[in-house]
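In the two complexes that follow, subunit A is the common piece, with subunit B as its partner first and subunit C second.
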Partner chain A sequence: METAEKTLDEILTLAAGHFKVPREKLSPDEDFFKALGIDSLQTLDLLTKLENHFRVELPDYELQGVTDFRTLAARIQARL
Partner chain B sequence: MDARQFKGQALSWQVLSGVIELALHREPCNELGSVSLLELETFATALDDLEKDSHALILYSDLKCGFCAGADLRELYHQSQAMEKSQAAQGVRDFLQRIHCVLNRIDSSPLTTIAAVHGVTFGGGLELALVCDLVIADKMARFCFPELRLGLIPGFGGIPRLKRDLGNAVVRDLLLTGRSFNATKAQQVGLVSQVVAEGEALRAARATAGQIGKFDRQTSAAAKQFIKPIPTDELRQEIDIFCELFSRPAVQSGLKKFVESTTLQPYLP
Partner chain C sequence: MLDLRQYTCLGAALRDALDRFSSEICLIEADRDREKVRLTYSDFKEIALPLARALEDADYDAGDRAAIIMTNQSKWLISAYALFYCGGVLVPLDYKLTAAEHLQLLAHSKSKVLIVEYHLWRAIMQSSEFQNIGTKIVLVTEAPLGVELAGAFRWEDFKRKGAPDFVMRQKDDVACIVYSSGTGGRPKGCVLTHENYLEQCRALTAWYPFWPGVRYLSILPTNHAIDFMVGFIGPFVCGACVVHLRTLRPEFVRDAFVRYRITYVSLVPMIVKNLERGLRAKFDELPSWKRAFLDAMIAVNRALTRRRPKVKLSRMLLSSVHRAFGGELLALITGGAFMEPSTMQFFYDLGIPVVNGYGLTEAGTALTLNDLKPFRADTVGKPLPGVELRILNPDAEGVGEVAARSNTIMSHYLDDPELTLETIVDGWLLTGDLGRFERGGHLQLFGRKKNMIVTEGGKNIYPEDIETVFDGLSVKEYSVFAANYIWPKKELGREKLVLVLRLEQNQKFDGKLQEEISSRNRRLPDFKRVSGYLIWDKDFPRTASMKIKREALAEEVGKTADRKAMVGL
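Then we have the complex of A and B:
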């Protein structure tokens, strides 16, 4: 069972790697659209990457209104 | 014109070792509008000749963003705004009937057809993949019917074909929630037959087409015809329902909202 902090850390690392943004520039409470400079299609790419990594299914409607990494991590944690 | 190859604005095709490869390449993400439709019609006409010495057809996208983001909603909105209401409704019906003709032609081709998909495979893009006998997805592929978000239903044959191929529970989930599935889920529910690593879908489709080429064409065609009937009546009903919904003001405002969206999230529910 992953802890919430570990999940959050893995998300930040995955997002940084996938969108080629320095990991140290991302912080948990940041707006990931702005931090990663991504649009909705790229957000779906991130969602797929996270689903594959954590082996969870996260309906995209559960992400409605979610803009920061910490809340995203909580949504994933709830499905682990 | 040499029917064995074509290079258009929205798509291209060539024949390699008995395999027709149809590539989509219209920026930004292969949205299906009037140009794509015209070129798909050119392809459907050429198919009569191409089928004579081919055994398989592969559909794929040359664009990084994905296979296809669906119908060109911007074109649909702007064209319908420029017309009288009844004229716009007839225009939509004509467009749907034409695209149904093309998709039915590919669906019923005696060739074994393979969609090699990656990234966004949404709405009309998913409907295009669904006409194929096999869907091979890279693990970053994502499938969705977002039409209900606009007050519409899929109009390119998606519901009847999905219902033909999958259980109703999955059809209803995809349709009524408008949510997207990843490739693993799509394989679990039977929408996708093979999931491969990122960037490997076309290679896997070519290997599959090579295997299919070992078999007698007539036998493959007979097997396909037996197992994959065209849901003709339901496809006709779908056009009627789509056109009825399209004429409602709610749809026009939904389209307007999508087209004029300045947020970064028009593809999220």
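Then we have the complex of A and C:
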């Protein structure tokens, strides 16, 4: 079982790698649209990557209104 | 298709369609790659009528309003039909709004019934305003067994035996109340009649018919005017099939095109552009000889389809591209926001016409549409049958406000006679959009006269609606504007919102204030955020009742400050 902090850390690392942004520039409470410079469609790409990594399925509605890494991590953690 | 001239209401047309096309498939619903529902018109009727009967037994009467808050799925359409069967008025709400916004619109529309998906109901129940909900009957779809529903019923259990009584409505009776904008101080509920929809359906299907065997991929939210018409009413009165996907993940959308051999799909410009990017990236990966061959085929196709689309020929010349879209795609339909001509031309050259149009919720669905005779990427097409357009006060270049008259235009704004009088003048809908007629009767759009933006995702954003997020901001006064309203531009696309600030005397704009603005801005969904701010050094002009005179302020700012004075957030 992954801890919430570990899940969050892995998300930040994966997001940084996927969108080629330095990991140290991302912080948990940051708005990921702005931090990664992505639009809502690119967010869906990130989610697919996260689902594959954590082996969970996240319905689209779970992510409605989610804009920061910490909340995203909590939604994933709840399904692990 | 049914001859819609013989009907006075949507319920009657749909009822006859269910009988006439009883053995045809009307709905397919898939969750990712798992098909969950496949219904014939006969199956659809068997599910909808017990729901209609249960609603009637619960005293849901003709003219009563019922809201639906659901993502695109079969239960959306089944519920809508059951409501129309009872003579009800449908209030389709945007599922992407917040729970507080949902509660506000439920109250504004005075909806007696609410049909809602469980995850959305859960959010509504948790809202601080929940105790004030006035909706009498709530049906919740897909609720896990045993969960607390605060008095709501499970949709799946809400059915009664026995034939319900069909309630006939007249053409001028209200069919739907559709909110064209949000939720700030002044929700705009467009009251649309049965005649509005029947006329719109006739006009659209005259140019782009459906027939049994056509499969329409429903991706735009069904509460949106476009999907409600071309993802429900249009296909159903023609015996076609609607395919719902429970996810918008690009990989599953791509898979659905092939799996269900899609004929038509409606997409917002943002998604069409995304498809273009994906295709261009794939083309760039091709070995040089294959790329040269592809480019040659595209050039041949472009030359041979200059006057009109030739679907079979294009499928032959560019077979691999068409196979990726399922091989039977006739057109991508787009609207609701500005579409770049180069993107439309890109798809047209591949033999996939992008049918763009122009419309407003206030006008039903569409006022103009590209009829592809020939394809024009630089316009929003010609007026649909039955639509009259004129350009008010044209300037030297022929550009002026577009006004429309048609049987598809809404009756009025709900409970807002003042706004209705401003918007519909002598039977003409003043659109607030600037345009001119081009050769061949095509309409070209050049910007907006009104203070609003439309995002690439097709969302109408009215600055007044988002100002509340800045309530209590530590400045003297502020107002949000569409940048193009302050600094008019004769073009559409890349529209932005700007926050105009008046600081207190001796107040400095410091890092703390900037952080406060940024932090509040982040509370808004990404598509509603302001892009920058501008510091204004005079008090805002106000009315006797101390309301900001927005038009006067925008004019003053526009005359005095340059667009470049806007500082990005």
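We take it that the second predicted complex is superposed on the first by the 80 of 80 C-alpha atoms of A that agree within 3 Å, B and C clash if a C-alpha of one lies under 4 Å from a C-alpha of the other, contacts with A are read in each partner's own complex, and residues count from 1 in each chain.
Going forward, contacts are C-beta pairs under 8 Å (C-beta built on N, C-alpha and C of every residue); 3 or more make two chains touch, one makes a residue touch a chain.
The structure presented is a predicted model; accordingly, all values stated were derived computationally and were not measured.
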Which of subunit B and subunit C A:Gln64 touches, first, second, both or neither: both
Touched partner set for A:Ser40, first subunit B, second subunit C, both or neither: both
Partner chain(s) touched by A:Asp31 [first = subunit B, second = subunit C, both, neither]: second
First, second, both or neither for A:Lys49, with subunit B first and subunit C second: first
Subunit C-contacting residues of subunit A that also contact subunit B: 33, 39-41, 44-45, 47-48, 57, 59-61, 64
Subunit A partner contacts - residues on subunit B that touch it in the complex: 29, 65-66, 69, 119-120, 139-142, 144, 177-180, 182-185, 264-269
Subunit A residues within the subunit B interface of the complex: 33, 38-41, 43-45, 47-49, 51-52, 57, 59-61, 63-64
Parts of subunit A lying in touch with subunit C, wherever the complex brings them together: 31, 33-34, 39-41, 44-45, 47-48, 57, 59-62, 64-65, 67
Residue numbers on subunit C that touch subunit A, as the complex places them: 32, 71, 96, 98, 117, 119-120, 246-251, 270-271, 274, 457, 522, 525-527
